[in-house]
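Taking it in order: structure first as structure tokens, then the write-up.
Chains: A, B and C, in written order; residue numbering restarts at 1 for each.
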Amino acid sequence: MGQIEDRITAMGLALPPPVVVPPDVQLPFSFVNVCGNRAIVSGHGPQGPDGTVTGPFGIVGHDVSVDQGYDSARLVALSMLGSLHRELGTLDRISHWVKALGMVRCGSDFTQQPAVINGFSDLILELFGPDVGRHSRSAVGMTSLPFGIPVEIEAEVLLHS
Amino acid sequence: MGQIEDRITAMGLALPPPVVVPPDVQLPFSFVNVCGNRAIVSGHGPQGPDGTVTGPFGIVGHDVSVDQGYDSARLVALSMLGSLHRELGTLDRISHWVKALGMVRCGSDFTQQPAVINGFSDLILELFGPDVGRHSRSAVGMTSLPFGIPVEIEAEVLLHS
Amino acid sequence: MGQIEDRITAMGLALPPPVVVPPDVQLPFSFVNVCGNRAIVSGHGPQGPDGTVTGPFGIVGHDVSVDQGYDSARLVALSMLGSLHRELGTLDRISHWVKALGMVRCGSDFTQQPAVINGFSDLILELFGPDVGRHSRSAVGMTSLPFGIPVEIEAEVLLHS
């Protein structure tokens, strides 16, 4: 296990298994696509410990509170780290976080997307530190997201050569 | 003509000509921007054989069915391949698909964005195969898109040096 | 000062200072993240001369006209150039614009996202010229954006080595 994996365990957290989607859903793409020293991470949602897509489902600001959205964004980070761990063998291969596009399912009057996506950014920075974990980011409001999830995030990282 | 172009013809498909937009619309950007061995592909919509932006227009899940959205996403792939062909000379220069951001115009309760964007991913994988065609992806719900199109997708590919 | 900075001054424009956000807002990410010869630019909104996030706030097509949205997108470009100037020392280090994702807060029937984001593209092309300023772009409709801003744009540029 790598140092980042140890840190995850020490924080009492765990990487979820591969996502389990409903049987009629086809996802013909790669959760992580390694291109040279870049790893492009597909849009991930929050996963439960059994791998299923997990709630609370709904619209942030209506059905889902900002604090719950923050927790969902933290679960998205763990889901993404699970995919990266499976693809890379160890998260220690990540040399730098590049960017994240944080998408929040919300209504037309919602303005706290940054507070929601901070659940992702805070965990990445805590695990990787301010140098490796430093990333660009957008946090924006979507009409809706797959499976009714409240948060979806896509990202890019660089790898040690 | 390249091998990918031959495959498109053999499938009974055709690359559309450059997009024809209404006369009062200005699009001061590049449909494909080549930066070293990367080609960045702007957001594309579905085109008809005459180059115009084509329907069905409307909101997927209301005016446009998921199956129709799938077909639109397939047309978006062809539109993008047309732009790449014009910029690169031949699609055989593409060494790897990197990523796609699939945006579906839909309502707040729509959750089948992946089934719509599969129209894009399935065609890319069929044409380029599982190695070159492998890509990361997000599929998300937008309030609205230019011209009333139901699907817009942006992408990145790598080029043979 | 660099040539681009001189051009900005000659046009009667000015780069805004670092963004001033409300005291309860945490933004734990980098406005510009330099990765080798790439600079990844976080989602930026329109800023006033004092650095605060500036209006007109609201929904483009309802509260905010397309022309006002165009002006906001132009302010977003200046905000982004301010961040790039602070990170890079001089904007002359930019060798190429790569891409922009232009996000417009709007209703479900709005279709003029390109006309809004042209406020960004036109200024970038005017300042950097058609070669360096050439960029890929998407212009799409969002349910809502942070702080009620009408336009948010993220981007990537390449740097001279």
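In this section, contacts are C-beta pairs under 8 Å (C-beta built on N, C-alpha and C of every residue); 3 or more make two chains touch, one makes a residue touch a chain.
Please read these numbers as outputs of a predicted model, since none were measured by experiment.
Counting the residue numbers that touch the partner chain, chain B and chain C have less than half of them in common. The rotation that brings the Cα trace of chain A onto that of chain B spans 120°, given to the nearest 5.
We define each chain's centre as the mean of its Cα atoms; on that basis chain B and chain C are separated by 25 Å.
For chain A, the set of residues touching two or more other chains reads 101, 107-108, 142-143. Partner chain B is touched in their complex by these residues of chain A: 25-33, 35, 38, 40-43, 59, 101, 103, 105, 107-108, 142-148, 152, 154. Contact residues on chain C toward chain B in their complex (touch as defined above): 96-101, 106-115, 118, 121-122, 125, 134-143, 158.
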